[in-house]
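Next come two complexes built around chain A: one with chain B, the other with chain C.
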Partner chain A sequence: MPLPPASGTGRYFAKAAKSIRLVRHGCTNRPFFHISVTHRKRTTTQPVIEQLGSFDPMPNAFNEKLVALNLERLKYWLGKGAHVTPPVGELLGLSGFFPIHPRSYMTAWRNRQAEELAQQKEAEKASATAS
Partner chain B sequence: MSILLKKFAQTSAKTIILRSNDSQQFLIYSRKLSLVPSLYDGEKDPAPKFFSPDIQALLKRLSRPDLAKVFRKRTSSGLPVLRTPKYKFLTTEELEIEVQQPIHDVLSQDPALIGYDTSKYIFTDISFGVDNEHRIIVERQPDGTLQSCDHDIRKRLNQVYFPIKGRKIREPSMFTDDEKFNSLLDRDQYEFVLDRACIQYEPDEPSSTRHFGPLVFYLTWHQSIDSLMLDLLQFGAVREAVLLIATRQAIHRDISNGDLAQKLAKQKYITANSAMKSQQELALQGFREDYQQLVELSRGLKIAHGKEELADAKNILEESQLWLEMKIGDIDKKLQHCIDQMW
Partner chain C sequence: MISQNSLLKRTLPIVLQSAGAHRKPRWLPVAKSKIYRIPKRPEIIDEERLELLRINNNYHTQMRAIRRFYHEEMIKEKSTLESASSEMSIRVEADEWERCIKVNEEWNAKVAAEREERRKVELAAREEHILGRMQVKDQKLAERIEKAAEEIRNQKELSTTFITPETLEEAIDRALANPKDYNYAIDLQGNQIAGRETPIPVKEKAASTA
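Entry: the complex of A and B
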């Protein structure tokens, strides 16, 4: 089946609330997301108004996660008052387009804490086996 | 008995093949063909010489475009229609291509993001109507640094989102693997290699090649221009032969009275510096005869037109040659540009 055009095939209502969100387009065990603008009340399986970019959450051979953003259209929809969901907000924050999302800081902090805990446990284990 | 005969035939055939191989090898050696490539690995760095404007100008003038070859028919390799080349007037600044400098452009540093992810995030602006050079491509490192990407990543991502036909995301192994590269050269696939290099590399990349100029530089750098000189003389391209000597003088400064290269010092070059004297002298002799014939032809024409001023005829011939050369020099740049556009 050919992909729908980036301009989207969904019906458009000017006054309905819009949302910029991730829409899952991968297959089983292989996530891939489109960054799309659609009505807030629609589900992610319904046709979108416009695709604004893509996000590949699986790192490639160079350990990179690729994000494509159509900043021009993104600005347009933001100007129209579109709502941005947290995952997209996080990506935009990392890209330097938005301020960093608070949830990114939370994730980073929690990851650091978990790593420290793991290191402490390892050190304890090592000392226990040594003694 | 018959088996014995067969065996004998097989062994004799083998010896013949072996012998023929030996003779071929012997031939190759007698032609002084060296398959060991010379490398730019000496104590001297060729880059400053190669990129100096004088030598660039010489190399550009040396690569005479063969119009029959430039405008020959070739398969459009899947392209529906070849676009007609566009001619534009460019300023000298626009025409000059500088070699890429590495990009170091840190946009922000946020240590609070350390631990967010173990992999890099790369963001590409895919807005409509932005060309590859000016596209915004930034990366967020695992240590929270946001910075512009370097050229290799830029090239890869441009190819991911805006693919150029024929270019590969990974460098083709024929350029990285010496064995494959040499096997291509053994099969005389030079044009394929050069075309592919033109598609794969941008003109301002260090790996890029524009065919003839770098070859001349390579030969001059390793002091093996004799065959090229012979070729030039046999084709009657004396202007280029002089330019070649000038190039050698500019690179090595080893030709006695090389400063006179602009004044047709090739005779002296051949007697003093060449390793292929006899052939080159012959070629030069042939060229002289050709030139003499041309002069006499023009004389005859002039006489036929009712003018008997012989000196004038020669002058006019030389002038017309000069004019032609100037024209060719002008066309060189435009052609190079148009070739770049086409590929």
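Entry: the complex of A and C
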């Protein structure tokens, strides 16, 4: 069964709750996401209402993870009362369209803590070998 | 999605592959090996929990404001669109339309001039190409005609020696007067000895063998 087309073929119901979410469109070992609007109760394999952007989570040759956003349509759908899922919220926060997502802060401080811990351990090891 | 009808009318078995979550169905019971397993809860420090609560609350408050802002903007836009059908806006739109048409005509004229130039060049190139081909064809035809003329000339020269009904008797007489024997023999050395009546040169042979 082929994946549903990129945009615009999903049935639209005005009163159903919408969700702006990531839809995986890559293949095995190569993730690639579309940022799409769908009904909240639809699965990610069903046709979407509209595609709003794309997200490539694998860093390219310049160590960049590329995100494309259609901000005009994003504003339109937010005005319509669409919900935003946490991963998309994080991306929008990093792009400056939304405030920074709490999860971004959390991952940042946890990474920092882990790094500090690793450095401490290394220093201890170095001191142990010196003595 | 594949329609039910096409599935029923299929001639070959189809392997369907669906991309999605591969999980145990919800109604299956807990596996026996996992029945008393209690997953470990994540340990969150009190300080971190309070911080998370604070930033989450902030985030949700800000998000509510943003969402309300876009919702109100959408309503405003809708109302302005509805009020845009006044006489003033119609005149503005008509002017805009006129301007657009003018620009479009300018572009069309420019593109038409460019196209005319390009077509002239293309036509000249095509004419040259066709003329070249015609020349080559003419040359080939002339060559063929010359070759045929040469052949005819040769045949005419040969035709003086042909045997005609008038010269037939003479030719027969000549043939009878000069009989030719086409038979020949070959000895072991490969020497041809022409004629049926020619004596074998025994002496020569003996000399060669000796």
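By definition in this document, the second predicted complex is superposed on the first by the 124 of 131 C-alpha atoms of A that agree within 3 Å, B and C clash if a C-alpha of one lies under 4 Å from a C-alpha of the other, contacts with A are read in each partner's own complex, and residues count from 1 in each chain.
The rule is short, and it goes like this: a contact is a pair of C-beta atoms (placed from the backbone, for glycine too) under 8 Å apart; a residue touches a chain by one contact, two chains touch by 3 or more.
All values reported here derive from a predicted model rather than from experimental measurement.
When the shared chain is aligned, chain B comes close enough to touch A:115, but chain C does not. Looking at the shared chain after the overlay, A:64 reaches chain B, while chain C stays out of its contact range. For chain A, the partner with contacts to more residues, out of chain B and chain C, is B. In the superposition on chain A, contact is made by A:76 with chain C only, not with chain B.
Look at A:43: by the touch rule set out above, it reaches chain C but stays clear of chain B.
After overlaying the two complexes on the shared chain, residue contacts for A:126 are found with neither chain B nor chain C.
By the touch criterion defined above, A:95 reaches chain B but does not reach chain C. Once the two complexes are laid over each other on the shared chain, residue contacts for A:105 go to chain B and to chain C alike. The contact surfaces that chain B and chain C form on chain A in the two complexes overlap at residues 100, 105.
If you check the complex, the residues on chain B that touch chain A are 107-108, 110, 112-128, 136, 138-140, 144, 146, 157, 160-161. Against chain A, the residues of chain C that register as touching in their complex are 1-2, 16-20, 52, 55-56, 58-59, 62-63, 66-67, 70-71, 73-74. Contacts from chain A toward chain C in the complex involve residues 1, 3, 24, 43-45, 75-76, 78-81, 89, 98-102, 105-106. On chain A, the positions that touch chain B within their shared complex are 53, 59, 62-73, 91, 94-96, 100, 104-105, 107-109, 111-112, 115.
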